[in-house]
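Mind having a look at this structure? Questions to follow.
In this document, chain identifiers A, B, C and D correspond to the written order of the chains, with residue numbering beginning at 1 in each.
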Amino acid sequence: MKRRICVVVTARPSYSRIRTALQAIRKHPDLELQLVVAASALLERYGNAIHSIEHDGFAIAARVYMVVEGENLVTSAKSTGLGLVELATVFDNLKPDAVVTIADRYETLANAVAASYMNIPVVHVQGGEVTGSIDEKVRHAVTKLSNIHLVSTQGAAERVRRLGEEPASVIVTGCPSIDIAAEVAASPALDFDPFEKYGGVGPRADLSRGYLVVMQHPVTTEYQEARHQVDETLYAVKDLGLPVLWFWPNVDAGSDGTSKGIRVFREKEQPENFHLFRNMYPEDFLRLLCGATAIVGNSSVAIRECSFLGVPAVNIGSRQQGRERGRNVIDVEHDRVAIAEAIRTHIRNGKPERDLLYGDGHAGDRIADCLSTIELTIEKRLTY
Amino acid sequence: MKRRICVVVTARPSYSRIRTALQAIRKHPDLELQLVVAASALLERYGNAIHSIEHDGFAIAARVYMVVEGENLVTSAKSTGLGLVELATVFDNLKPDAVVTIADRYETLANAVAASYMNIPVVHVQGGEVTGSIDEKVRHAVTKLSNIHLVSTQGAAERVRRLGEEPASVIVTGCPSIDIAAEVAASPALDFDPFEKYGGVGPRADLSRGYLVVMQHPVTTEYQEARHQVDETLYAVKDLGLPVLWFWPNVDAGSDGTSKGIRVFREKEQPENFHLFRNMYPEDFLRLLCGATAIVGNSSVAIRECSFLGVPAVNIGSRQQGRERGRNVIDVEHDRVAIAEAIRTHIRNGKPERDLLYGDGHAGDRIADCLSTIELTIEKRLTY
Amino acid sequence: MKRRICVVVTARPSYSRIRTALQAIRKHPDLELQLVVAASALLERYGNAIHSIEHDGFAIAARVYMVVEGENLVTSAKSTGLGLVELATVFDNLKPDAVVTIADRYETLANAVAASYMNIPVVHVQGGEVTGSIDEKVRHAVTKLSNIHLVSTQGAAERVRRLGEEPASVIVTGCPSIDIAAEVAASPALDFDPFEKYGGVGPRADLSRGYLVVMQHPVTTEYQEARHQVDETLYAVKDLGLPVLWFWPNVDAGSDGTSKGIRVFREKEQPENFHLFRNMYPEDFLRLLCGATAIVGNSSVAIRECSFLGVPAVNIGSRQQGRERGRNVIDVEHDRVAIAEAIRTHIRNGKPERDLLYGDGHAGDRIADCLSTIELTIEKRLTY
Amino acid sequence: MKRRICVVVTARPSYSRIRTALQAIRKHPDLELQLVVAASALLERYGNAIHSIEHDGFAIAARVYMVVEGENLVTSAKSTGLGLVELATVFDNLKPDAVVTIADRYETLANAVAASYMNIPVVHVQGGEVTGSIDEKVRHAVTKLSNIHLVSTQGAAERVRRLGEEPASVIVTGCPSIDIAAEVAASPALDFDPFEKYGGVGPRADLSRGYLVVMQHPVTTEYQEARHQVDETLYAVKDLGLPVLWFWPNVDAGSDGTSKGIRVFREKEQPENFHLFRNMYPEDFLRLLCGATAIVGNSSVAIRECSFLGVPAVNIGSRQQGRERGRNVIDVEHDRVAIAEAIRTHIRNGKPERDLLYGDGHAGDRIADCLSTIELTIEKRLTY
């Protein structure tokens, strides 16, 4: 009998990150994919990942609305609680042989807790990394609830083992997001018109002489400062003479501060080189990055996919603190002068070399193979 | 301004374990106690800890009914989710400076998650220990969500540090349950009639020539076997010629199996030396233990308080596996012959010496002092 | 395409009441049955209706644990809220063409609200009746949320129309519980040994010279008095010289008071003619009633099925107040003298005639036919 | 002892409607106000009623985030369930003598159910009216759960009595929203600059020669058509030569369709006479209405306050169907030609006379007086 593998996708970026693994699980002869779509992955405001998922031909085993509106710290906790209540019922119906939980978003703790408590083996993808903010607590708590750890880097594997997990339960697969980057890197030319295909707000721009891509998420434990932080980035990129393609942040405590900063900036400054996008299909986004002068902000894409692609990155603030970096990253504070200066440095230096730190482009297949063969157990004990 | 310390008590045994710390917090000039009573601590079936709490004069800041009935794995997860939803609202109202979460019961993860997500520093009491079952996952996950670790033993401190926690955040206070044991040990004679004071089911017994105390909880990850396991213990103690004082297990997935085993045994065997109690005030229970020939089962009391008190213990099965032991413990499998033999060995050997492994009797005061002076922060990062 | 009819069963007595309709829906060529089992129907303490349902060969579309433990007024509300959250997800998956909700238990409001809000036509079975207690509020609120009303009596039909419902939406089908009574009435002899088949607590009794069946539920809005009320009944039946077969009440705020009363009575009085049952298959229970000297308590069975069967009934207190009665009922207060006297009156008078007030034995088929042909709409408007 | 009156406000329009009653309760010597703010009243997207409430000096007893994001039918049900779970805990803490629930929004059913089930008398304000859509089900279901009915009109009183409620429990107080209208009517001149005070999107306009106010909410049971319906109104008002002041709809299933229609219209048509507001203080809004050429859409303000103020109203579609009307209303379908024609008719006819149908301006005081003197009971029974 095929092993039933339940994967819970709760957000647009998580879907992008796991997609090649989902495809590999779906086509694997010994596995049956049970895909649950939940939380902001169902919501239009956050990019409607559900549409991409359906567009990619996946059957959806269950949908769970679980985001309690408010975008603050209280509702983060309540959303997770609501998800836990409902995912328990979902797992009780689907009876999976293993539940796969992705990375470290706050609401993913609900998957890990529900599966753990129901004696279902938990497989954690992308554990063992180090970053700032609440993600840090979530990620390592999920590790302690998980039975199998499919990590992206050697450094991550080492950290998971030091957390007391059985060495045999820790496997370096690389990150499946790099699989998509690898496909794109094979033919990196921009083969679509982003303004026409994705609409968005603001004037068109001529992208032929370079452009900046900006993606800046609020940092949960610095809630009050979200507005200030986004302002520093907005004014840093305003006068560099390059078109700015800015992407809305995903749902999180504080994103209202960030969103408001962007709106006020546009009303007040009426910038001519500034275009706002809500989201893109991952391949399109990566292709856009391939041609970018630099990526600016605090997205993990800058650290992960862009190291593989060799795209210059200016990483701002604490959100990616502790994450392993390739040669493409310059780190700066939330300071408009420093941000602008780092971009200029990248312009002077040109494109960095590609780096296999986060994977070689075959993570999806490796994850599916691993899920089909590894011993699935719920017993675990600290190794010390 | 006083620091507001919110403690969430979710079960009768947790209350017993934390009580001296609650008293020390209440009387500390720099602290304000916010006591939340939740889950099975509110339920008659599980010993109505709320009555003991009120009897001890504590003001209750909020009550949260959160146990979804069913006593199975699905409802464990759902209860935790419901608790998470509601505790978020409770913390939002109480605005504590720190939340204290106790040990490793499944529902306590709700406290730790709610407080973490709401940027409230989390203080974990009794982390770093090693046992069998789902508690293992819960305990270390709570450690990764916590900012301050007040542990019972040197071994526990070492393990918490190895889990990547800042050494300065780990403090050995001893276990507050030992504080009560120390008070009782000062005048250990049985000063009440347990049958008269606590009622219960079954005939009175003459306790003057020794007696066995039995407390056996179902082990979550061995759900199906709960019934078999309790039978082994029931038949092991049946024919030893000593009165048996048996205590009902607390709420958990599987306790119906355990409870049913006990009921069927009584109907079928009609044992004459067998009396069932629901619960006792902790001091009374410890005093009863002081005079016991042995304690039998899988309760942590046998390992912790009884090591301090020097009470012979027969520890059955995996539930306490990995927990540090004093000289008073003999470990056996779920096997009626082995259990009976271990009890006889203890009878031959007599009382073991007392052991300060789990504390010296001053943990409550140490915890309150620590809460009043330690820096409260929500930032944390893996130490490696 | 077959119409998908989703029926939500939340308790043992509700299952008994709807069973023949479920069977008729299942075998109807134009209908597909989607059976959801929830709340106390899943719990052992309340008779495990799920086992009867499976034993009767029904496929179960979803199970929803939703009873928040505590058996008080707060948890009644919370259980209903939890059910509402989860049933919304269940209906979203099952996509029924209509949802059938049964009678007036507090938690059934969750079905009616979820379906109404999701624009699914709501069919209410057994609306329009009048009783005491919170059921009164629930029943008529469900009527106002429902689109189609399949009622038991002409009086109920008249009341639903006066509540402003379209006359065409109100159909008198009779009560499906009478269908089972009609089958039993065809061969009413006791064909099983209740003590052997159902166990229970207390000595066997000789039933050949008559016996009393007692079923007394706590009355929600008189919470404090549950204990007193059960005592009156216990002492009323104690000395009548007839065996007493007492059935545990179902889950509700206050049932702990009732249960405790029963337990204390047994310990204190050690009655010899007193046997406690948890529950029986409906046919067995009705057959037991056919031979009973009288049924005593406040169960609706005494009013409904027993009017059809011609079993003498002593109805105590306010719970059935307002319900239409046949010739078999004597009403009394919670007063041990009055209760005993009413039983003696019945003994003197012998069996009353049968009465078709609540149905003629074909309600299940009528309900299924109606569901297959009636126009399903969600629009409604007060008729005045 | 003062009677504790708990009022649950769940949305901006509900707050406007109840405000004078809240003020009268607050200052009444025999009453204590317990104000709970919940649901969309806490959310920025829906006008942050909480800010107005705090600005008006009310103490807030509890805040309950309960809106599950998604704005569809499933999340309407889930939000109500979540609210029910949490309000039970809130009422358990506040221990009110009565709970006041307002009108007929879907989530208000949570208040009524929680209070009913907890044996707290329920006071319903604005029952007995007749409209289209799901509100119809909610309103009358709340009536059946309520013990006291404080209604706006004689027609409403008559309908509540026909629903089987005790005549003595039904009192015509008038609608408290009329109290504010009465204050405004005393000095109706526009004493603020709406563009300066409230910002919003779109150009300023010269209001001196008349203007239209538009407020159009999606109609729940016509979910798919929300987009079409808003388009008819948008194009109807586009070319009438009057400035259009358009207000965003409040949270409800379908409001995304409506919002999107508005956004697309603006991008495509770039209308010069079109300004979008999010919300205003009620007095400012009413004062704006006093000077309006007409109010257009499907808001109840057009029917209620505007009948008192004598403001011409064009009421579109089914949302207000069945509500009693004064002389100021012309009803039309969702048809751009008909809408434009009705506006032109009003322009020709000029201002209609004022009408006391919905109150005389003293409802708030009457409600407070009633709450302080009426017998509070939880018992009720159908009058027929």
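In this section, a contact is a pair of C-beta atoms (placed from the backbone, for glycine too) under 8 Å apart; a residue touches a chain by one contact, two chains touch by 3 or more.
Predicted model only: the values in this text are computed from it and were never measured.
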| item | value |
| --- | --- |
| Chain separated most widely from chain B, comparing mean CA positions | D |
| Pair sharing more residue contacts (C-beta pairs) when C-D is set against A-C | C-D |
| Interchain centroid distance [CA atoms averaged], chain C/chain D, Å | 40 |
| Whole-Å separation of chain centres (CA-atom averages), chain A against chain C | 52 |
| Residue list for chain C, restricted to those that touch at least two other chains | 65, 74-75, 78, 82, 85-86, 89, 92 |
| Of all residues in chain A, those that touch chain B in their complex | 73-78, 80-89, 91-92, 106, 109-110, 113-114, 116-119, 130, 132, 134, 136-137, 140-145, 159, 162-164, 220-221, 223, 321-322, 378-382, 384 |
| Residues of chain C defined as touching chain B within the complex | 42-45, 65-70, 74-75, 78, 82, 256 |
| Contacting residues of chain D [partner chain B, same complex] | 62-65, 82, 85-86, 89, 92-93 |
